[in-house]
Amino acid sequence: MSWENYMPYIYAIFAPFALALFGIIYGLVLKGFDRKLAAHMQWRVGPPLRQPFYDVLKLFEKENIVPKNAVPWIFNSAPIISMGALILALLYLPIGPFNPVLGNYGDLIVLLYILALPGLAMMLGGFSSSSPYSAVGAQREFIMILSYEFPLAIIIFTFAWKYSILYPNLKAFSLLTFVEHPLWQNVGILGFIGLLILLITMLVVTTGEVGRMPFDIADAGTEISGGALLEYTGKNLGLFYLADAVKIVVMGTLIITFFFPYNLSSLLLHYFSLPHYAWLTIDFLFYLLKLFIISFVVVTVMRVAFPRFRVDQVVKFYWGYATLASLIALSLIVLDTVGGV
Amino acid sequence: MSWEEIIKDYNPTIQRERRIWVNIPKDKVYDILQNLKNEGFEHLSSLSVTDWIDEGKFEITYHLWSYKFKVLLTVKTKIDREEAKIKSIYPIYDRSAWIHEREMHELFGIEFIGNPDLSPLFLEDWNEKPPFRKDFDWREYVRSKYYNKENEREKAYWEVWLK
Amino acid sequence: MVDMDKKVMARKMGRLIRSIWIFNWFNSCGVTELLPVVASIYDMERFGLIVVDNPKHADVLIVGGYQTEKSIKRVIRIYNQMPEPKAVMALGSCTITGGMYWDSYNTIKRLSDYIPVTIYVPGCPPRPEAVFQAVGMIFEHVNQLKKEVKGK
Amino acid sequence: MIHIETSSGYWYPIIMLIAFIISWLIAYLIWRRGEKSYKKNTEEDDVFFAGNPPPQGELAHIKGNNLGWGFVEALDGFYNGMKRMHNGIINDYVGWFIGILAFVLIIIILWGGAI
């Protein structure tokens, strides 16, 4: 076994620490911006930007209550699974200019399964806490997963199908092909419109996946007073809070790999030359900016603009309109490739 | 048999335009209310009790409103204060009668026979005399329950009430 | 407040005051004046205060206005269900002396006979500025506690 | 290193397992730093039920059939249609069966070779 074969194991062992740090810190920063901008949109002053950090510090100081007839080991491990799955997802995602750490050891389908884990963990937590409110919350989380996975699957299938046509020798589902060959250039007019529709559907699916206002039926504050995360206090809730912050980063990165994998350096390269690491930092900052804009659109604007939907409206929306939109986009792209090219 | 004939021989008094009072003896109330409901007085807007302590009587008033005739008919009946029992009008007016009677039972201690559920509404585990009765001295009750004599600050309350 | 030792208490409260999550128990006059506190003019979120919807997530329980015999039982249970470093803010003069209902047979006269109250906010109903002054007092109390601990 | 390789994707389970254990470990480390104690078996770890004593036994369980409430509610157009179709009359079912069979046969005959 030469040195080369051990590379993936070393990545798998050391990369999670760095990525977890990045995910948590930038996730909380995004949450801070989100609350500040939402407040300004509502003509309020809003909390300081470092408020999520204070929230987490406080939550880790509070008592960690486990309800009397809850199932303790599921109850306590749910937040850990949720957080672990999200850190794992970061490993398979391209962070800014860098290729995904485990890029050639797992493709998009693996990522899709990992992304289902946080929702599952929240559901587990809700059901295991033996409270009627959180059982209803967990049941709603189950419906959320069912409803937003459908359009998400169609979007991923569209991309994979397109890549399998354009680059038959490459692996269609591998994230590396997604990053190296963005679809915007080699697609005709019809395909361009199809991609736009896909982008909008993906944004809407991300709001559902992150569980923000129009689709936060799972932990609906006013209706079921806290929903699935009702019985969680102290560090369990703190970990769920962190997981929620990292989830925004993960979902934002997913959108970036699909639709905006461009780097600033490729554009400015021939204007002035900079050492390699300078380009990397510029690209990384550009990636952070892209992530901020996506989080602003997906989380803050939706949160301020829309009231919460009813449970059946959410299902109708995802299985009806979002799926229809992604199917239309799929057919447009198919027409474009089959007819146009 | 229109509603005027039903209450004719109990000499109803016209209070003012579209407001009629009528006093009916206790044992006839149930049948009269049944007939009135069939006639068109289907809205029992409220049921209230007045405590005539010197006469030793509770006076129960049923306020009936009819959408057809646009008339508010107030049926009054007097029951004895000690063993305060009357037949419940739950079978006639159903839910609205149930909630009113439950409240009257809690505050006056009137026994409505036939009401499915007379559990306490506002005063959970209240073992005193029903509070709205005139002979219940609420000042004494509040003073003994909430304000004790030793507490320096609360002495003022005791002086206020002594006068 | 459970009698943890001073240093732990100072650390815990120090972190708590920067992000206070409030569970409000408004079943009387308290709520009318507290809506502007949440709204954009006074905006309590500036200080990191948010209203949460169940006692398990909350740090401060705001009991607004008079409590009847029936509702005080619920308040006691909700107070017990809050995780530990917690505080109670009693709003309105009804919780201090029974206020307008000082001689009513049904309301309780002083909240601290039933649950330990951290701070009373007089007023009927108290103005939003009074609420902010109360929160400010909690801040000072905790800072003074921290200074004391650091001073040793 | 065992792995799954298809024409369009690949997956190395062992590496993912290691990575997941490490990430789970990180999450556990973060989790452990928090406050552990709480007052056991007092009223504190009762379930929050809006101030009332929590429901016991049978009342507290949310039954399985209302797990998909929102779903059935949203797709009730589809479900009602389905319920109408499953009316239990055997010749309706046989009718559908033969219809679909004929349809499939026609497809095979016409484009048998092409597919």
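As written, the chains take the letters A, B, C and D, and residue 1 is the first residue of each chain.
Keep this in mind: a contact is a pair of C-beta atoms (placed from the backbone, for glycine too) under 8 Å apart; a residue touches a chain by one contact, two chains touch by 3 or more.
Quick caveat: nothing in here was measured; it's all calculated off a predicted structure.
Inter-chain contacts peak for the pair A-D.
Per-chain Cα centroids separate chain A from chain D by 20 Å.
Inter-chain centre distance (chain A to chain B, centres taken as mean C-alpha positions): 62 Å. For the pair chain B and chain C, the distance between mean C-alpha positions equals 40 Å. Rounded to whole angstrom, the centroid-to-centroid distance between chain A and chain C, based on C-alpha atoms, equals 37 Å. Within chain C, the positions touching two or more other chains are listed as 54, 56, 73, 83-84. Those residues of chain D in touch with two or more other chains are numbered 38-39, 44, 46, 48, 50.
With touch defined as above, residues shared between interfaces to two or more other chains in chain A number as follows: 61-65, 133, 225-226, 230-231, 233-234.
Chains that are in contact with each other form these pairs: A-C, A-D, B-C, C-D. Within the complex formed with chain C, the chain A residues making contact are 35, 39, 42-48, 51, 54-55, 57-58, 61-65, 133, 221-222, 225-226, 230-234, 237.
Chain contact summary for the complex, chain D toward chain A: residues 1, 3, 7-12, 15-16, 18-20, 22-24, 26-28, 30-31, 33-39, 41, 44-50, 54-55, 59-62, 66-71, 73-75.
Residues 11-12, 15-16, 18-19, 39-40, 43, 45-48, 52-54, 56-57, 59, 83-85 of chain C are the ones touching chain A in the complex.
The touching residues of chain C, counted against chain B in their complex, run 68-70, 73, 98, 102-106, 108-109. Residue ranges of chain C in contact with chain D, taken from their complex: 54-56, 73-75, 77-78, 80-84.
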